[in-house]
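Alright, structures below, take your time with them.
Below, chain A partners chain B and then partners chain C, in two separate complexes.
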Partner chain A sequence: MRIPHEWRRRSFWVETAQAYLFLLPALLVIGVFTFYPFVNAFVLSTQRVSLVKMVDGQRIPFYREPVGMANFQALLRDRDFGRALVQTSVYVGITVPVTLILALALATFLNKGLRLRPFFRLAAFLPYITPVVAISLVWQWIYHTDYGLLNYFLGFLGVRPINWLNDPRWTLPAVIILNVWRYVGYQAIILLAGMQSIDKEYYDAATVDGASGLRAWWHVTVPLLTPQIFFVFIIGLIGSFKVFEEIMILFQGPGPLKSGLTMVYYIFNQGFERFKFGQAAAASVILFAIIFALSLFQLTVTQRRVHYER
Partner chain B sequence: MRKKFLLIVLLSTLLVGATAMAQVTITFWHAMGKAHAPALEKLTQDFMAKNPGIKVELIYQGGYGALSQKLIAAVAAGEPPTIAQQYENWTTQWLDGLVDLGRYLPPEVIADIHPRHLQLFEGRLVTVPFNKSILVLYYRPDLVPVPPTTWEEFLSLACALTVDLDGDGKIDRWGTGLRPPNPEIFLAFLAQNEGSILSDDWTQVTINDTKGLETAEFVAKLAKCALVQGGYLSDPFGLGQIAMFVDTSAGYPYNLDAAKRGGFPMAVAPVPCRKTCASMIQGTNLAIFAMNQTEEQIQAAAKYIAFLLEPENTAYWAKETGYLPVTISGFESASWQAFIAERPEQRVMTEQFMVGGFGQLLHPNYWDMREALITYYELLLREEKAPKAVLDELAAELQALISK
Partner chain C sequence: MGVRYIVGAMVVNRPHGVLAVDAIRVRRAGWQLLVYAVLLAVAAVMVLPFLWMVSTSLKTLIEALRFPPTWIPEPARWENYLAAWNAAPFGRYFFNSFFIAIATTIGEVTITALAGYAFAKMNFLGKNVLFMLLLGTLMIPGQMLLVPNFITIKRLGWYNTYWALIIPWIASVFSIFLLRQFFRTIPDEFWDSARIDGCSRLRYLAQVVAPLSRPALATVALFNFVGSWNAFLWVLVMTDKVELRTVPVGLRYFMMEMGTDYPLLMAAATMAIVPILILFFFAQRQFIQGIARTGLK
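Up next, the complex of A and B:
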């Protein structure tokens, strides 16, 4: 084996040690709060946990027993898990594309060189940086059947008051509307940054070739924006699969007839409300597998379609 | 001069250190918010004044949800507090980690706990009642001059009071309100009809027998004249959307507040009866954890709990918070009797308890059973399924949980 040349230098080792020293705090935090729980969740998904168990006269806290695949089998039998899986998929399937399309429209609009652009930019970004709990509390009022802002405005269009928070059919739409509103600004800002970095030459060339307006947007802007579109799509997808807090606050539970039960809500309920840590871990392993598979699929499929400017 | 000063400092440090060493510190995790915390703090101060060797640290953990999650984490880590408030179905999850109070509380203290409050887990006393309330009927005397006393009266009155006031085809005021996450109302009616979830020996599911079916049919009819929603009913009550509703006596200040905001009177009556006038007891108990505690801490905690159960103290606690006293001597104490003599709603609550108060099922799987109850109760209330189908499917799930 050939030893790399740098290895002979003392300064190389000093620098490497220094680099790791600087990385250490971050590694510690990620290790303790991300990697350890990550590995532990896999282990836990094959165990049954008692919070405390008397074994030979000794009280053992968090007593674990291996149960093999029993937790996963229990998930398959649990109707609520199926419900959570379906409802989460519906939520993701609508929220992600709708947010992206609206964000693209908003970014295009902001890119038009409006006079009040900084204001709009701030207005669009505010929902994203506001804590979700605060947002949900405000939307609880917006969605109020009799006194809510949304029904008030819909009333002008002749729409009869919708029972947003107490009618199972409107649970997912309510959560989708809230989250589209919440993320559209953030995604638009990222897309806007991408749009502004597109060289004007491309548009000039397009104009020379007789393409302008919508056609230039479709044939120049969108293709050159694919890295940003791809990024917000993936981030949106992962984030949407984890929808939970807004449901918890809006409905003070999983919604009427569990119409707001999502995967993460299910995991929370199993683990921290029902003391079934093994089953909660099993559900989170499945959620991980789904997100992981989708991300891989995205990566391989879209890579061929993503255009990078040279 | 300077030497002398130093000596004094040294001596006083030693002295303070010594008393601190002699002092036993116990922690008490609770969920008593600003309405109830002052009474708890006062009782605790009184206790510490009487027992200078014991320091009780009251630690407010937020609501019951937050308290349960923090307790889960603390027990799992093997470092729970000395004392914690807890519901019965939490207690069963960490039963092995609790102190057998029968060995620490004087027999006369245990004998004084009101029998309707007394609960044994696997035959052992591990909890004592603390902030206990009971389901009662809240109503608006301006709409309900005479409160209903039977199921039939309740149902017909509720439906008569369900009206579309402005003629827009939408009901503006409901006779009553029912909350899917609160199946205890159903359990109270079930007990009134002499039904039960399980047989006494826990081997059979009995919820879908004739008594259960009658109860479910009654509740299904009631639901048609009820506002069915998940949140607390004090909000719609204050908005004038409900005429009367069954709720825990602990909700009294909130419901009264709502009525004041709405500008109408409110009164309290017993829950309408069937064969019996049973009503369900709500609220938490206290337990002492054996994990991570010294013998001195456990003894100090038992002493503190015995102090809270003294007649004057449980009566004081009940008077200040609206909860019920928990001991026989507390109910009989002169101060409690004088209190309910001038507060009619408190008298109703005490009488409701005496006539028919009953507690939660203490089955180790009751947590999951209650989740199933909530699921099917909601199907019943929202008319998704017929009463018989609801009970049969619920019974099948409960059967699976009995044997688990």
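Up next, the complex of A and C:
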């Protein structure tokens, strides 16, 4: 093995020592509260954890004993876990594309109506930056069957009052509507910033080639916007898989007949309502596997298909 | 704009060139009208829930349950806010939220600036491996860490303490990455001349890099403050004492106690949102630049 040239210089080692001093606080916090628990989650998923256990007359907190794959087998048998998996997938499968398509349309409109942008920015950011608990509380009131704003407006269209919060069929739609509303403005602003960084020359060239309007949008805007579209997509995907807080506040539980039970809700329920830490950890590992697989898949797609300017 | 306009006119049939330009103009105006109509409609949908929240917060319960609903409360009952404030220890909740948000923000800006600087401007053993490792953690869903972190917090004896709500949140990989990107744009010549003057790296970071990077540091501070203010699940899991509840957690318990007293609930929700709104108004540019920057890699 060849020793790198810079290793021979004393200054390199001085700088290395200094750099690690700079990094120390960050690495300590991230190590203890991100790396360690990440590894620990895998270990815990193969153990049974008792909150307190008497061993030889001593109280041992978080007593752990290995159980192999038993937690994962329990997950497979648990119909609630299957339900959480399916419901989360349905939620993600609808929310992410719907939000993205609406955001893209919105950004296109904003790009044409720039004069409204300052006002619109405020309107778009409001749902994104305000506390989700407060937002969900407001929507709980909006979804009220008899006095809620949404059923009132739907009444104009001749729609009969929908029992948003008590009818299991409407649980996921209620969460989806809330979160599309929450994220569409934010995503549109990001896409808009991308659109504005596209050089005007591309459009001039397209016009000369006889492509304008919708065709220029499809052949110039969308391809050159793929980095931003990808970013928004992946952020949306990962964020959506973690949906939980909205549901807890809207329904004060996992929804009627557990129709709002999601992966994270399941983890929360197993871990902190039933104190089955091992099984909660096993479910976390599966959540991670899904997100990781999606990220990898996206990454490979990106490397081949996504157009990067510069 | 001008160029495209001329090009557009030339593409159109020449004999009726002038007419065609007029037609384009009319069609343009029509499109513009449609664009603004759509944008206004969308903006209304975005804002309506908040207006509805404030409107309800100023009504009596009877007025709130009127159908069809009214928008302007007659009269506006501002005393609802006082009633909500006194119905739960909101003073304590707000103190906790402010204290935790400010503490984590100070810690985060300091710690991630140090780390970001090391990654941006220093040459050291294991730099690339470490950086990739850190970036890899961005793929870990935070909820996956909840159970193991709960055990850690209990073990450290931090359950039901401010430590549990502050220390784990003073370093984020995302902020390190953001600052690193920004610090990299600062020319190396500054450091070269500072070093000749006998300046230490720490002093250089504090007195040269930090002032030059104010927008990026402000973005990190803002995101952290807002994230801390809005945090819910972590606080819910790591504490169970009333004295440690933050505004969102307090709001949730308030909701469970109040049931369907919507005016008071909406008053409380409004109070929870107002600090973020004020922050947004004062730092709008920073917010927008920050969000646009993260979106633009």
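Everything that follows uses one rule, which is that the second predicted complex is superposed on the first by the 306 of 310 C-alpha atoms of A that agree within 3 Å, B and C clash if a C-alpha of one lies under 4 Å from a C-alpha of the other, contacts with A are read in each partner's own complex, and residues count from 1 in each chain.
In this text, a contact is a pair of C-beta atoms (placed from the backbone, for glycine too) under 8 Å apart; a residue touches a chain by one contact, two chains touch by 3 or more.
No experiment lies behind these values; they were computed from the predicted model shown.
Once the two complexes are laid over each other on the shared chain, residue contacts for A:N166 go to chain B alone; chain C is not touched.
Of the two partner chains placed around the shared chain by superposition, chain B and chain C are both touched by A:Q252.
Residue by residue along chain A, chain B and chain C are tallied for touches, and C comes out ahead. In the overlay built on the shared chain, the residue A:N40 is in contact with chain C alone; chain B does not reach it.
In the superposition on chain A, contact of A:P127 is made with chain C only, not with chain B. Judged by the touch definition given at the top, the superposed model places A:I3 against neither chain B nor chain C. Judged by the touch definition given at the top, the superposed model places A:R274 against chain B, while chain C stays out of reach.
Applying the stated contact rule after C-alpha superposition, one finds that A:P61 touches each of chain B and chain C.
Using the contact criterion defined above for the overlaid structures, shared-chain residue A:L157 touches neither chain B nor chain C, since it reaches no partner.
Where the contact sets of chain A with chain B and with chain C meet, they give residues 49, 61-62, 146, 252, 272. Interface of chain A with chain C (complex): residues 6, 12-13, 15-16, 18-20, 22-23, 25-27, 29-30, 32-38, 40-41, 44, 49, 61-62, 106, 109-110, 112-113, 116, 119-127, 129-135, 137-139, 141-142, 146-147, 149, 152, 181, 185-186, 189-191, 193-194, 197, 200, 203-204, 207-208, 210, 212, 227-228, 231-232, 238, 241-242, 244-245, 248-249, 252, 264, 267-268, 271-272, 277, 280-281, 284-285, 287-288, 291-292, 295. Put simply, chain B touches chain A in their complex at residues 65, 68-69, 72, 75-78, 93-94, 96-97, 170, 180-181, 228-231, 239, 290-291, 367-368, 371, 375, 378-379, 382, 384. Chain C meets chain A in the complex at residues 3-4, 7-8, 11, 31-32, 35-36, 38-40, 42-43, 45-50, 52-53, 56, 64-69, 110-112, 114-115, 117-118, 122-125, 127, 130, 134, 137, 139-152, 154-155, 167-168, 170-171, 173, 176, 201, 226, 229-230, 232-233, 237, 247-249, 251-252, 255-256, 262, 265-266, 268-269, 272-273, 276-277, 280, 284, 287-288, 291-292, 295-297. Note for the complex: chain A touches chain B at residues 49-54, 59, 61-62, 146, 161, 166, 168, 251-253, 255-258, 272-275.
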